[in-house]
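Each structure below appears as structure tokens.
Shared between the two complexes below is chain A, which has chain B as its partner in the first and chain C in the second.
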Partner chain A sequence: MKYTATVLLLAGINMIAVSGCTVLTGYGGMFSLGQAGFMSIGAYFAACFHIYGHIPFLLAVLLGALVSTAAAVLIGFPVLKNKLTGDYFAVCMLGFGEAVRLISANFKPYIKGAMGLTGIPRKTTLTVVVVCTLVVLFLIRNYLKSHYGKNLIAIRQQEVAAEMMGMNIMSNKMWALAISGFTCGFAGALYAFYATTMYPTTYGSAKSTDLNAAVVFGGVNSLSGPMMAAIILAAMPEVLRAFAMWRLVIYGLLFVVIMLFRPEGLFGNKEIAGELKRLWRWIKRVWAWRTTGRKEAG
Partner chain B sequence: METKPVIEVRNVTIQFGSLKANSDVSFSVRQGELFGLIGPNGAGKTTMFNAMTGSVTPTQGDILFDGKSVLKKRADEICKMGISRTYQNIRLFPQMTVEENVEIGLHAVPQYSRLAAFLGLPVVKRTERETKQRAREFLNRFGLLDKQDMKAGSLPYAMQRKLEIARALATSPKFLLLDEPAAGMNNDECNELVALLQQVHQDFHMTTLLIEHHMDLVASLCDKLCVLNLGKVLRQGTPSQVQKDPEVIQAYLGDRRRKRYE
Partner chain C sequence: MAIFLQQAITGMSIGGIYALLAVGYALIYSIFDFTNFAFGAMMMMGSFACLFAVNSFGLPIWAAFAAAVLITIIISLATELVAYRPMRTKGSSRLTLMIAAMGVDIFIVNLMTLIFGGNIKQVNYAWPIRTIAIGPVNVGFVDILALVSCLVILAFLWLFLDKTIYGVAIRASALDTNTAGLMGINTNTISFLVFAISGLCAGIAGFFFGFKYAVYPAMGGISTKAFIASVIGGLGSLPGAVIGGLLLGVLETMISGYVSSTYRDLFSYAVLIIVLLLMPNGLFGKNSREKS
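Coming up: the complex of A and B.
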């Protein structure tokens, strides 16, 4: 039971992080390779707020996430002002993620550099994670379903026309980046209070890749798709514990297979709820056909 | 009767390196006019459009809309001033449905705050319903209502052009720029488009600036024409004046043909 709870807890944290990446990468089409940097910032600041500032656990986590949001706005300003898109944006964010890792590895006061910050109290429980995940998912779902979400898709598909329709491209993209900064920071902070230690290498570029993988696996116009993928990807290391060495190889293989057969992601544009409704209608139809068929036969 | 000019192009020169796309172009479009901008390939018509919508900044001169300069403004600010356009190479949102395309024109700046969106307040649902309703009205006017659930990218070419006009009108502009709306259309589709544009012009009292190659279409549609050639204004006037002008004929047909024509 304890084991299952742990996997669920990790899955929940992963879902929180991925939900923001859905806004940024899925809907907004901005591929970022530095999301782990936001997780680091959120984790370090939340831990410091709690340990040195004696701020209560949940408030510290929230403040950590807000600092990470501020970092997103700070990096977003020069990057988006200069209209960097596509690969250029990805590389800038990769640089940001690496910068965060190197700075935290060499910053001795408070966070103890490469030695890592230890002795963070274990406060994150399954209940906390479940409640936080539900709240974050509720907010993100509403945002994506509103006109703001549709506008993001429009910008991804045809930026020139979207701007001519009256959208402020910079502010729309900035919000997407800030939202992803918030959820990643939030998830990172929650994880720090679960793991009780925080090293500069806890969130490396592999973590950023993981987050993007979840969005791409799940589908770019969907929230429930990436959420499923987030759960699967969080459980994967546990399932594949026996061949930990081969894990990344299997990831790579999965990536190639999905890109070959479902380039728009497992769920593409669809939401799970909609698909379940369709399945239910289909079952009802088959059922109706069977019963009427029987009557006619009788 | 002279009404006030909606857009005024004043001595605009646009230079890309050593290439002058436009040099010293001046014309003005008055309230409610259907104005045609014509000229052979490479005359600088689309560059002029791009300058009016903020994607190109003129080297010299000024463009005034309602008395205010549109230079150094972002496209979305220009849109809010009341200018909307279509593109020569269609720029729809290809993977969105036909209806969603028009909806984007209606809610590019949503009427509620982001906080309301996050919390999913009732205003979000209500606005969404109203937007859908209004989008359907637009589609109905353009005869695209039965295609509303199709992906915009899978529509036939002529319909994509129509949809783009519908989407441009959805931003409720005061001034509409159409870049070759009849490009790639056959004769029937072209006639249909003329009727549609006249209808739109009547219903919305829309001041319209039109780039076009089809002389017939321009002649039957526009009140006034401006002919560009090699970046300069060649002639301005009513369609019948312009069509008879020997220099215009020369620019369009070449010297040899002109002699035969005369």
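Coming up: the complex of A and C.
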């Protein structure tokens, strides 16, 4: 039972992180290679707030996430102000992630540089993660259903046209980046209080790849698709030990295959709830046809 | 002063390799408008080819060079044929191509890590450890060799692009791929050529990196520096890539010599962001604002 609980906990944390990346990449079309940097910032700050500032656990996690949001705004301002898109944006974020890793590996006071921060109390329980995941998902869903979400879709599809329609490109993208910074920082902080240790290498480029993989596999314009992918991708290394080693190789291959044959992702432009509803309606129709058909035959 | 000159020449030697890689990036970017993130992985494969040619088969140095270049050209063409060309014919967006390129990179790097392990390997070949004294400066033989060969290859590349009919076709495609196609240029041949040339650049860079430093699967990360170099020079501009590469090499060596070697990489990323802020088109780039 404890094993299942651990897998669920890791899946929940992964879902929180991926939900922000869905806003950024799936809806906003901004491919970032440095999301792990936000997780690192959230984790380090939350742990430090708790250990050195004696701030209660959940408040420290929230504050850590807010610091990582601030970092997202700080890096986002110059990057988005200059309208960097596509490759430029991706590499700027890669630079950001690497910068976070380098600084945290060489910053000795409080976080102990490359030695890593140990002795973080284990406070994250399954209940906390489940509640947090539900709250974050509810908020993200509302955000994506609001006009902010629609604006993001418009900007991804036709940036110039969206600008002509009077949308503020910069502020819309900034919101997306800030939200992804918040959820990634939040997830990072929760994980730090679960793992009880935090190293500069905990969130490296492999973590960024994990997050992007969930969004790319799950699909654009969909929240439930990436969420599904987040659960599967978090559970796979735990359930299949062999998969943990081959994971990144398979991700790489799947990136190419999915981009070749289904660039919108497995659940692109679809929500699982909507698909289930359609399936249910179809079953009801078939059922109704069969019963009426029988009556006529009888 | 002597130390400064020493640093400058070492920097030039690294910068020459950056320049080669940056040219590989810029060439593909100028024609296909996307960044081939698989480039670092190709360079790594070149280094591994050297490693095996020398360590396992005991081949001479020129054979190792040939092996490195051959393997990178093959990989470059294979990714083009399997991944990029079908996507382009389907009219996929730039983001799609970029994610696919990332996928190729992740695939190759992690496959190599799984097969050969992540540790650092050394090519067993003793270069003549001779230093050449130029005035007050002692320069390593390998440094000079790397710099000179990079410059020679870049010169040949420039001659090829500037003087031959294929070079003209490539430059025409860089200007406007669709119109070049309408003018009777076979764009498939051109893409083949371009990917072969960029593979060649990756192979040569991999050869020198493998011999000068060490060989390990994650070494492709160095190519991020080359990407930064090509951004400094203006993405898609070949002279810009060369100058950006040399500039970044020298700046980096100066930073690690005079300030701190731990923060050298941080500095490179800072340069990237500052360049993008102050002159988003780089030194020689054309206007890069995307028009939909």
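The rule we apply is simple: the second predicted complex is superposed on the first by the 292 of 298 C-alpha atoms of A that agree within 3 Å, B and C clash if a C-alpha of one lies under 4 Å from a C-alpha of the other, contacts with A are read in each partner's own complex, and residues count from 1 in each chain.
The definition used in the following text is that a residue touches a chain if its C-beta (ideal position, glycine included) is under 8 Å from a C-beta of that chain, and two chains touch if they have at least 3 such contacts.
Keep in mind that this is a model prediction, so the values were computed, not measured.
**Q** Based on the superposed arrangement, let me know which partner A:N142 touches: chain B (first), chain C (second), both, or neither?
**A** A:N142 contacts chain B only, not chain C.
**Q** Mind working out whether A:W175 is in touch with chain B, chain C, both or neither, as first, second, both or neither?
**A** A:W175 sits against chain B, while chain C stays out of touch.
**Q** First (chain B), second (chain C), both or neither: which does A:K83 touch?
**A** second
**Q** Classify the contacts of A:A273 with the two partner chains as first (chain B alone), second (chain C alone), both, or neither.
**A** neither
**Q** If you count the residues of chain A that each partner touches, which comes out higher, chain B or chain C?
**A** Between chain B and chain C, C touches the greater number of residues in chain A.
**Q** Under the stated touch criterion, which partner chain does A:A242 make contact with: chain B (first), chain C (second), both, or neither?
**A** A:A242 contacts neither chain B nor chain C.
**Q** In the overlaid three-chain picture, which partner chain does A:K150 touch, first (chain B) or second (chain C), both, or neither?
**A** first
**Q** Counting only touches as set out at the top, which of chain B and chain C does A:E163 meet: first, second, both, neither?
**A** It touches chain B, and chain C stays clear.
**Q** Both chain B and chain C touch chain A; at which residues?
**A** On chain A, the overlap between the chain B and chain C contacts is residues 158, 160-161.
**Q** Over in the complex, which chain A residues touch chain B? Could you list them?
**A** Those in contact with chain B are residues 138-139, 141-143, 145-151, 153-154, 157-158, 160-169, 175, 269.
**Q** Residues of chain B touching chain A in their complex?
**A** 53, 55, 74-76, 78-80, 84-85, 87, 91-96, 100, 103-105, 107-110, 112, 114, 117-120, 124, 127-128, 131, 167, 171
**Q** Could you list, by residue number, the parts of chain A that touch chain C in their complex?
**A** Those in contact with chain C are residues 29, 31, 33, 78-79, 82-88, 90-92, 94-96, 98-99, 102-103, 106, 158-161, 209, 212, 216, 245-246, 248-249, 251-256, 259-260, 263.
**Q** Which residues of chain C touch chain A in their complex?
**A** Result: residues 34-35, 82-83, 86-87, 92-100, 102-111, 114, 224, 227-228, 231, 235, 262-263, 265-266, 269-270, 272-273, 276-277, 280, 288-292 of chain C touch chain A.
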